[in-house]
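Have a look at these structures, which come just after this line.
Below, subunit A partners subunit B and then partners subunit C, in two separate complexes.
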Partner chain A sequence: MADLVPGAVRVDRLRRRMITVQIIGAGVILLLAMAPYVFEPSVTSQWIKLFYLITLATSWNLLAGFAGMVSVGQQAYIGLGAYGVFVFNDLGLDPYTSALVASVVIGAVAFGLSFIAFRLRGGYFAIGTWVIAEAVRQIVIRFDSLGAGRGRGIEDYTADPVLRNLFTYWLALGILVATLIGSLFLLRSRMGVALQSIRDNEVAARAVGVDVTRAKRIVFVLAAVMAALAGSVICLQQIGVQSPSQIFSVSFSAFMVFMVLIGGIGTLEGPIIGAVVYYVMDLYFSQMGLWYLVVLGCLAIVVTLFLPRGLWGELRARFDITLFPVGHRVVALPRPAEPDASASAPAPRTSPRTDATATTASTEG
Partner chain B sequence: MPGTVGTGEVLLEVDSVAKSYGALDVLTAVDLSVPTGQALGIVGPNGAGKSTLLSVINGTERASAGTVRFAGRDVTGLRADARARAGMGRTFQIPRPFTHLTVFENALAGATAGAGLHGRAADDRALEALVMADMLDVANTPAGALPLLGRKRLELARALATDPRLLLLDEIAGGLTEAECDSLVETIRSLHAGGVTIIWIEHVVRALLAVVERLVCLASGVIVADGEPDAVMRSDEVRAVYLGGGL
Partner chain C sequence: MVIVNALLQGVLLGGLFAMAALGLSIAFGILRVVNLAHGEIMTIGAYLAAVGLSSLGVSVWVSLLAVVPLMGVVGYWVQRLLLQRALTLGELAPLLVTFGIAIIIPNALIELFTTNKQAISTGDLAVRSIKLADGLYVGVLPLLTMAVAIALIAGTQLLLARTRIGRHMRAAADDSETLRLLGVDHRKVYAAAMGLAFAIAALAGVFFGMRQGGVTPFDGQLMVLFAFEAVIIGGLGSLWGTLAGGIVLGVAQTLAGVVSPELPLLVGNLVFLAVLVLRPTGIVRSKVVV
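Up next is the complex of A and B:
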C-alpha cells in the first residue's frame, strides 16, 4: 500500500471497473434477452426460475446483509405478489402489467407494515416478520374470489404457450436486471454507507446523523417490491397459485438465507453465486426427496463453518476481486513522473512519493 | 456565568435535566450552560452519570425530565440523528466502529449523513477528518481490524467528519501513551482554536487541563463544582468526591 500523504490522495470508486461492468453487463443482458430465439422454451423456462431465485437472494441480502434486518417473512410479499396478479388481472389488466402494478401496491403495503415490524429488533424482528407473513396469508385466504384456501389460476392469459413463456421470461429477466442495477446504484450512493453503518452499529449511526428509520424503511419497501415481483413471476410461470400455503411458505425465507449465506452475505456478487448453487442442486437433486434437504442442510453447515464469508467472500478475500464495486478506496494521487524515478535501477532511497506513484498505477481500475 | 472564554452566546443549555432507569436516578436536575467556543471539561467518579449526561445532550438517551436547548432551539424531542445533523458530534467511551466498513467509509458516513455533504465535498471532508485524527495511513483498513487505540481515534475522526459545532468527547484519552495523548491534545486544541465548542469527559486530568478553560465536577448525578479548572480541582467538593467523605 502506498503512503497516503495529506493533500495528495483521492477517493477511488473504481469508475473504470464500473464502465467495464456496464458494458459487459449490457452484453450479457442482451444475450440473455435473445436466448429464447435460440433455445427451446423448455430450457428458457428453467432459467426463469434461476432469475427469480437471484432476485429473491439479492433482495434478502439487501435487507439482511447490507441493512442488518434479518427477516424471515419475505414470503408475505412473494405471496402478495402472486395474488396481486389475480387482483389486477381480474380488473382487466394483462398478467404482466398486473405484476408490475401489484408490486407498487405491495410496496405501499410494506410501507405500512414497516411501522409494525420496526417496533421490534434483532431476533424479535425476525419472528415478527414471520408472524406478519402468516397474518397476511390468513387474510388472503378469506377471499373466495382469490380461491380461498385452494389456490387458483390466471383467468385471462396469453393463449399461446410459446409466447406466454417468452413474455414471462422477459419479465423475469427485466425484474432481475432492475433488481441488480437498483441495488448496485443504491449501494454506491450515500445510502450505501448509511445502510451499512446501521447494520454495524445503529447507535453510532444515529450519532453521526444517519436517519436510521428512514433508511431502513426505504430498504424494507424496496426488498418487499423485489419479493413481490419474484412472487408474481412464480405465479405467471405456474399459471396460478397451487396453494396459498405453498406461495406463503416460510421455506422461501429458508432458501433465501441459504443462497445468501452460501454465496456470501453483504456482497452483491454472493447471492448470485448462491442462487446458482441452489438452482443447480435443485435441478439435479430435488428428486432425492427428503435426502435433498439433508444435503442442502449439510452444505449450509459446511460453508458456514469453513467458509464463513461464503463462496464469493472467500474468493474476494483471497484474490481481491470485485465485479460490482460498491466500496471506497483512498489512493495516492499520481505525481508527475520525475526523470530519476522512472529509471529502472532502484534508487538508493526511494521517497514515499515515488512509491505512491508506482502503487497507484497498479491499483487503478 | 462560569468560564472566561466564549462569545457569550449560549450554544448549549441543559435545563434541570434528569435521567432515571426505573428506580435508579442517574442524573438529578442538571443545569449546564455552555457558551459558543468554550471548551468545558467534566470530571467525576465512575458512575457519576457523565456518559449519561452526554447521551442525554446528543439524544442517544431521552431525558426523563428537563430540556436541552442547542443553538437557540429546543432539541429535547429530537432524535440523535437530527441533533447530529444540527451540529452535535459525539464520541463513545466504548468505541462503536462500523466494523465492516473501512476507516475512510466510517468517516464518510459522518460527512454525508451528519454534515449533509455529497460527492467530492463529502470525500474531502472525510479525508480532512482522517488527517485531523491522524488516521489517513489506515484509511483503507476495515474498522473492525483496528486495535483499541485506532478505534478511539476513529471515534474522533467520525465525529469530526460531521463538521460539528459542538463536540462531545467521552474519555477519548484513556489508555493512550503519553506521546499519543499529547498529539491528541494538540488535535483537540486546534479544533478548539478553530471555534468548535467542546465538552470533554476525561479521567486523564492532565490532558483535560491542557485544553479546557472551564471544569465541571459531576457526582451522583448532580454538578458539585463548576468554574475555573484549577479552582475546581482544588475545591473542597472535588476533594470530598474523590477522597471520600461523601457529600
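Up next is the complex of A and C:
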C-alpha cells in the first residue's frame, strides 16, 4: 500500500460497504416483515421479545458505550413508555399510535430530567438515574387512574388476538429498524465522530472543540425515547402492566448491561449479538428462577474483567470484520505516474518514511 | 408538638442514613469507586446477624463482633481480587462490577432465605424510649444509632488525619503512583480502605435491620439510594457533610410521614433532586477532601 503523504490522502467513509449494508439490510427487514405470514403467532410473539431486547441494548450502548454515561435508571423510561400507552389510549388514540405519541412526550421529559441528572458524573450519575427512576415510579403509582400500585390493562385494544400480535410485531420491528438505522446514521454523522471521540477520551474531545454536554444530552434523550418505545411494546404484548414494580424494575438495567457487555460495548454490532445471547439464555435457563439472575450477574463481572471488548470485539480483533461501517479510513491516493508531479503537491516536512503513522489510519466504531 | 416530634425523629433517623453513607463516602473518596453494591453489603451484614440470632442464638451485639471484622476482610479481598483489576480497565469497569454484585446478592438471598423478613430482635431496646415532654419521646435505639454514627465519623476523620494507614489512604487518593515510589503498595492501601467501607456498611446494615425489626432481600436497593442521597445532599468529599445530608433526608422523610404514610420515600427523593438542582455541591462546603 502507498505511503500516507499529506495532500495525497483521502478519507474513506466506507461508502461501498454502506451501500451493501443498505441493500442487505433492506432485504432482511422485508423478510422479517413478511415473517408473520409464514410463522405461527406463537413464534413471532417470541421474536417481539428479541426485537425489544435489541432496541434496549442498542439504546444503553449509545449511552454507556459512546457517551460514557452508565445509567442504571433506564427503567424510568421503559415504565413511562408502558404507562404512556394507557394515558393516550384513554384520551382516545389507538394503542399503537399512543405508543408513538408517548415516546415523543417522554423524550421531552427526558430532556428536562437531563438537567438534573447531568449535575452528577460517573458513578454518581449512575445512582442519580436510579433515584430518578424510583421517584418516577413513586409518582406514577400515586395516580389511581393508572391502577395505582396494582398495574392495569389496556382498555381499548384490538380484539382479534392474531391481528393484535401482528400489529405489535410490526410495531416492534419498526422500532427496532428505526433504532438501528438511526444509530447507524447518527454514528456516521458529524455528531457520531464527536460521540466516538467522547468514548475514546472525553477530555481530549472537549479540548478539540466537541460540545460534549450537548452531544451527551442528545444521546440521553434518544436513549430515553428508545427505552420508552421498548416499554410500550412490552405493555402492548402483555396487554397491560402486571405491576409497576415489575415494569420499573432495576433488573431491566441489569439485562441491558449484560447484553451490551457480552456483545461488546462501544460497537453497533455488539448489542445485537448480546441481545441474541441473552434471548437464547433466557429461553433455556429462565426456569432456574432467580439463580438465573445470579448467573447473569457473575457473567457480567467475568466479561467486564476478562473480556472487556465482548464477543464482537474479540471477533473483530481477530478477523477485522464490521457489519455496520461507522468508521473513517485514511487512504493514500494512487501515486501520479510522473515522478516530478509530486513537486506541485505541498512538500511534506518530514520524509514519508520517517512519518510514524501507519499506511492506513482508521477509526472504527 | 407533632411537628417537633417528627423533626426530632428525623434528625435521629439521619444518624442511620449518615452511617450508611459513610462507607460509600470512604470508597469514593479514596478509591474513586462508586459502590453500587453498597446497600447489598449492608444487607449481607444484617443477614449474618439475623442468621446468627436464629440458628446460633447469638445476640445481635455479640454477632456484631464477628460480622463487622468478617465483612472488613471480605471487602479487602473483593477489592484485591475484583475491583483492583477493574480499576485498571477504565472508569466504567468498577461500576459495572459493583452493579453485577448488586444484582447477584439480592437474588441469591431470595433463593436462599425466601422474601420473608428475617427477624433481628433486640429485646425491648427497639421499643424503649425516653420521655422529654408530653408527646415528645426519644427512642433509645435511634439515639444509640446517632451516637455510633457520630463516633464512626469522628473515628474515620481521626484515622485519616492522624494514623499512618490514614496518611497512606489520603496519599493513595491523591497520587497512587508517587505512593508506590515511596515503597508503599497502593493496592493494599486501597484494599484496606475498601475493607473499612465494607465493615462500616455491615454495621450500618445491622442497625438498619434492628430499626426495622428484621431484614429482607429488597432492603439493599432502598439503602444504597438513601446512603447516596445523604452523600450528595451533604456534599461530596465531606464526612461531616454526610451527617448533615442524612439529617436533611431523615427530617424530610419523617415530616412527609406526618402528612401521609405513603409519602416519605417520594418526598425524600424529591428533596434530593431539588438539592441537586439548586445546590449541586451539597449543603456543607467541604474543606478536607477525603
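What we mean here is this: the second predicted complex is superposed on the first by the 321 of 365 C-alpha atoms of A that agree within 3 Å, B and C clash if a C-alpha of one lies under 4 Å from a C-alpha of the other, contacts with A are read in each partner's own complex, and residues count from 1 in each chain.
By definition in this document, contacts are C-beta pairs under 8 Å (C-beta built on N, C-alpha and C of every residue); 3 or more make two chains touch, one makes a residue touch a chain.
If you're wondering where the values come from, they're calculated on a predicted model, not measured in any experiment.
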item: Fit or clash between subunit C and subunit B when superposed on subunit A; value: fit
item: Touched partner set for A:A254, first subunit B, second subunit C, both or neither; value: second
item: First (subunit B), second (subunit C), both or neither touched by A:G68; value: second
item: Subunit B versus subunit C as contact partner of A:R190, first or second or both or neither; value: first
item: Contacts of A:V11 with subunit B and subunit C, given as first, second, both or neither; value: first
item: First (subunit B), second (subunit C), both or neither touched by A:L120; value: second
item: Contacts of A:R199 with subunit B and subunit C, given as first, second, both or neither; value: first
item: Subunit B versus subunit C as contact partner of A:L293, first or second or both or neither; value: second
item: Residue contacts on subunit A - larger count, subunit B or subunit C; value: C
item: Per-pair minimum CA distance [subunit C against subunit B, superposed on A] in Å; value: 8
item: Residue ranges of subunit C in contact with subunit A within the complex; value: 28, 32-34, 36, 82, 85-86, 89, 91-97, 99-104, 107-108, 110-111, 221, 224-225, 228-229, 232, 236, 262, 265-266, 269-270, 272-273, 276-277, 280
item: Complex contact set, residues of subunit A against subunit C; value: 64, 68, 70, 72, 115-116, 119-120, 122-124, 126-128, 130-132, 134-135, 138-139, 142, 250-251, 253-254, 257, 261, 265, 289-291, 293-294, 296-298, 300-301, 304-305, 308
item: Touch list for subunit B against partner subunit A, complex; value: 58-60, 79-82, 84-85, 89-90, 92, 96-102, 104-106, 108-110, 112-116, 118, 122-123, 127, 131, 136-137, 139-140, 158-159, 161-162
item: Subunit A residues touching subunit B - in the complex, by the definition given at the top; value: 1, 3-6, 9-11, 190, 193-194, 196-197, 199-201, 203-212, 266, 327-330
